[in-house]
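After this come two complexes, each holding chain A, first together with chain B and then together with chain C.
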Partner chain A sequence: MKQSIREALPGLDLVLGWEQGWDALHATPLFIRKAEDVDRLILGPTCVQSLAVQLPSLKGKKVGIVVKGCDSRAVVQLLRERLLDRAEIILFGFGCDGVVSLKRLTKVLGDLDSVTSVKKTDDRLVVESPDGRREAAFDDVCAPKCLDCAWPNAVESDHFAGPRLEPRPPAESKTALERFEEKSLDERFAFWKREMERCIRCYACRNACPMCVCRDKCLAVSRNSKFVSQEANPSESFMFQLIHVMHLAGRCVSCGECERACPMDIPLGLLRAQSTAVTEELFHEQAGTDPEAPLPLLTFKTDEETIEERD
Partner chain B sequence: MPASPGVDSGNELRILGFLCNWCSYGGADSAGVARLEQPTDLRIIRTPCTGRIDPLFIVRALINGADGVLVSGCHPGDCHYVEGNFHARRRLETLKRILPVTGINPDRFMYTWVSASESGRWQEVVREFTARIHTLGPAPRMSDTLTETLAAEGLPMQATNGVK
Partner chain C sequence: MDTIFIQRTDIGRWLDRLAEERTVFAPTRRDGAVVYRPYRTGFVLELDAMPTTSPKEIVFPQNETLLTYSRAGNASGGAPKVEARETLPEQKAVIFGARPCGVNGLGVFDQVFDNDKTRDAYYTARRKDTRIITFACDRPRSTCFCTNVGGGPGDAAGSDVMLYPLGDGFVAEAVTTGGKAMLSLATGAPAGDREVAAKALVETAREAMPEPLELARIRENFDKCFNDMEFWEEQSGKCLSCGACAYLCPSCHCFNITDEGTESEGKRLRSWDNCMSYTFTAEASGHNPRAAKAMRLRNRVGHKFVYFPETHEGEVACRGCGRCIVSCPSSVDIRQIAKAIQEYCDDDK
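And now, the complex of A and B:
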């Protein structure tokens, strides 16, 4: 990977990757502009955040980007929506066997200070810190999206490093959405009400989302928004979340960034999972897998096989 | 047909209808001209086309206290703008199927097609939809206090990270 970035660097303005953050558990974005920056690049279970979120704002520059499977789907979806120019992007793909969720890791191992090393060995994660060595089953501490990841390899890449991995067999236990669906509608409503009481409308979910591309033209923060007021209460927060969901219908690449970025730990992935399931069921396609396919909600068929006629 | 619920019985609910100017609005108008009796719960908003309807209009209405939302436009193939209702069909169906995860009953939202000449069909649509919403009763509100919702759910009040 480092070799191919070094070779491509002279023709690029910058390459986006990850470097180690303030301790071994945290990776932070790395902007590679010079050959010596390449040495700081790391790849591994701590390279969580999707760097694709940066790309639309870098339009016009020639940019390289290091991508996991889910990140590459975001790039492909942006290409599909003509928000990026394929000629300006160089993809450095690799096969990812899962990333760590710091929230889940803290639940299993407790607070972890000044971690010195994080290693993944087969199905376990070993964390070393001055307090000693602790380990956990990887499935218990990985990001929920990794449990049944069908796209471990970059779906599109100009350079691919390392072996291509097999998709994970779907987890046998029920998905979070399936468990949620066991609740009645009233319970679900009460659930969201309770969650939305905690939503602080910080928009971290939106800012982390690689498919949220309106940026400072976002409907939710417009000075004279007709859809949400600036008032902070559960119904306005829920309205904001549903704007996000509807604007991502058929576009969400299930990268889980919204849920990861949420400081209040609100399970936003449930809403996304439903929208993804619905659009797949209706339009038989997955976002971010084919850069040429038309967008399902910007096209139609005169006879929809999947939609019951309402005459 | 049972007597229509509504303003006379004092149990009127709030139902919002988004009607296409070219078909369903005309259909509702001719139903009125023909003096076909209809429930009074429906408040109509006239739109240029169902293709103009952002699914978020419906979400906003349901969150802001509508007990039901009805969208009605031209039959597919008959759109004044040729393809407006084809686009609308995909969006509205997507919304309808996303609603269950939010806990908002998807039965509170219906979309259908009624042409300008179908005044009888319009009467039927409004009567059936209104009856359905009356069976469901008033919609739960996010703006109700949390305590009320938890009580309805039979759950104790929980600490919510210091937020009210």
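And now, the complex of A and C:
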């Protein structure tokens, strides 16, 4: 990977990758501009952020980007929506065998501080800190999306490093969404009321979403539209979530960045999973997997195969 | 007796008694987040992890109603009757389980909202009868840097009671007369030797804090790098321009005021705002003096380390709690930015 970035760098303005952040558990986005920056690049289970979120604001520059499978879906979907220009993007793909969810990790191993090393060995994650060495089964601490990842390899790439990996089989046990949908409407409503009660309206979920393109002009904060009140309560916060979900319908690439970014640990992925399940069922396609496919919600058909409009 | 030892298992009983007179805001878990919520019997306390949110929300809520208004037509044809009613809060509260950095953050609020020139009626109404029970830190996180910005893990300034963790309980020390009154409601034993042991733990923690952050040249260098957009773009590249850092920060105090309602009735609201948001400085004309996130991050860091000290006798507004570092989805580290400014040199440009 480093070698191919080094070779391509002279023709690029920058390359987006990851470097180690303030401890070994936290990777942080790296903007590679000079050859010596390449040495700081890391690839591994802590490289959680989707760097695709940066691309729309870098339009006009020639940008390289290192992508996991799920990250590449965001790039592909942005290309498909003509929000990016393929000629300006160079994809450095690799086969990803999963990333860590800090939230699940702390649930299993407790609060971890001053982590000095994080290693994945087969199906275990080993974390070392001054408190000692702790380990867990990787499947217990990885991002939920990785458990049944169908796209571990970059969907599209100009350079591909390392071996291509086998997709994970679909989960045998019920998914979180299926379990949630078994609950009554009242129970589901009570659940969201409790969860949204701690939302601080920081909009980290929105700003971390690679597919959110309005951001600075968001309905939720624009001063006149009043779709959402400034009042802080679960129904207003939930309303904002519904705006985000609706704007992502058929576009959400299931990268989980919204949920990961939330500092209040609100299970936002569940809402996205629900909308994604509906659009996938209706249009028989997954967002961000085929750059050439027409966009279902921007394509007019007199008769939709899957939607019964009249008898 | 001003210093006693309270067993962990007796804390709930103490809070039960305190809650008879005051609303006690105490830390509790909501999945991976720790938040302050009004204490009730049966409440599950989080006595160890540092709260995700800062105690500021207790005296400066995310949103509050400043006034309500109504406007009624006049049957006899004269001017409509307009009525506006101020909605001043009443609060008798205890903040339980703040850390010294969070309490120090309230010091910034006091200076901004309650001084000789400005007295914010809503803030002071909540603040004046809010008492604080603080946990000294025996295990600072690696992202803590309070000792660099005038605080420390055992800093009692601003607190009414200090709790020093020790084994299966806390050495509790009254700092103010209000604190003494609160402590008289607790079930405890004389602290004895445990006082020395508990304070030694916190002192050891203080000595083990990470290497000092050099801030001596930051104000002078900030002027030099202010217009170097390349520098600021480098610092802010990965930032997502969200509000997580500002809303969790114990000293960030910016707000927005909006009127919501119809022509006939409604309310005026004050809600948290943050300089990382595009709309923060968006003007009605469409112009935005801080259109790029690089300018917004420059403002956030500048306010903490330069603008606030300039108007408040050199005091840095960042209290070193590390919340913005821990909760940033991009792992932006304000210490790194401060360091980059400190080391900024325009000679080689």
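The working rule: the second predicted complex is superposed on the first by the 308 of 311 C-alpha atoms of A that agree within 3 Å, B and C clash if a C-alpha of one lies under 4 Å from a C-alpha of the other, contacts with A are read in each partner's own complex, and residues count from 1 in each chain.
The criterion applied here is as follows: contacts are C-beta pairs under 8 Å (C-beta built on N, C-alpha and C of every residue); 3 or more make two chains touch, one makes a residue touch a chain.
Just so you know, these numbers come straight off a predicted model, no measurement behind them.
Shared-chain residue A:264: touches chain B and chain C both. When the two complexes are overlaid on their common chain A, residue A:300 makes contact with chain B while staying clear of chain C. Within the superposed three-chain model, A:111 lies in touch with chain C and out of touch with chain B [touch as defined at top].
In the superposed model, A:198 lies in contact with both chain B and chain C.
After overlaying the two complexes on the shared chain, residue contacts for A:27 are found with chain C alone; chain B is out of touch.
Touch criterion met: A:190 reaches chain B, while chain C stays clear of it. Contact with neither chain B nor chain C is seen for A:166 once the two complexes are overlaid on the shared chain. In the overlay built on the shared chain, the residue A:227 is in contact with chain B alone; chain C does not reach it.
When the shared chain is aligned, chain B comes close enough to touch A:249, but chain C does not.
Residues common to the contacts of chain A with chain B and with chain C across the two structures: 198, 200, 264. Note for the complex: chain C touches chain A at residues 30-33, 35, 49, 52-53, 61-63, 139, 141-143, 234, 237-238, 240-244, 246-248, 256, 258, 260, 269, 271-272, 274, 277-279, 325, 327, 329-333, 335-336. Against chain A, the residues of chain B that register as touching in their complex are 55-56, 59-60, 63-64, 75-77, 83, 86-87, 89-91, 93-95, 97-98, 100-105, 111-113, 140-143, 146, 149-150, 152-153, 155, 158, 160-161, 163-164.
Those residues of chain A that touch chain B in the shared complex are 177, 180-181, 185-194, 196-198, 200, 227, 233-235, 238-239, 242-243, 245-246, 249-250, 264, 270-271, 273-275, 278-279, 281-283, 296-298, 300-302, 304, 307, 309-311. By the touch criterion stated above, chain A contacts chain C in their complex at residues 21-23, 26-29, 31, 49, 53-54, 103, 106-107, 111, 113-114, 198, 200-204, 206-208, 215-217, 221-223, 226, 229-232, 257, 260-261, 263-267.
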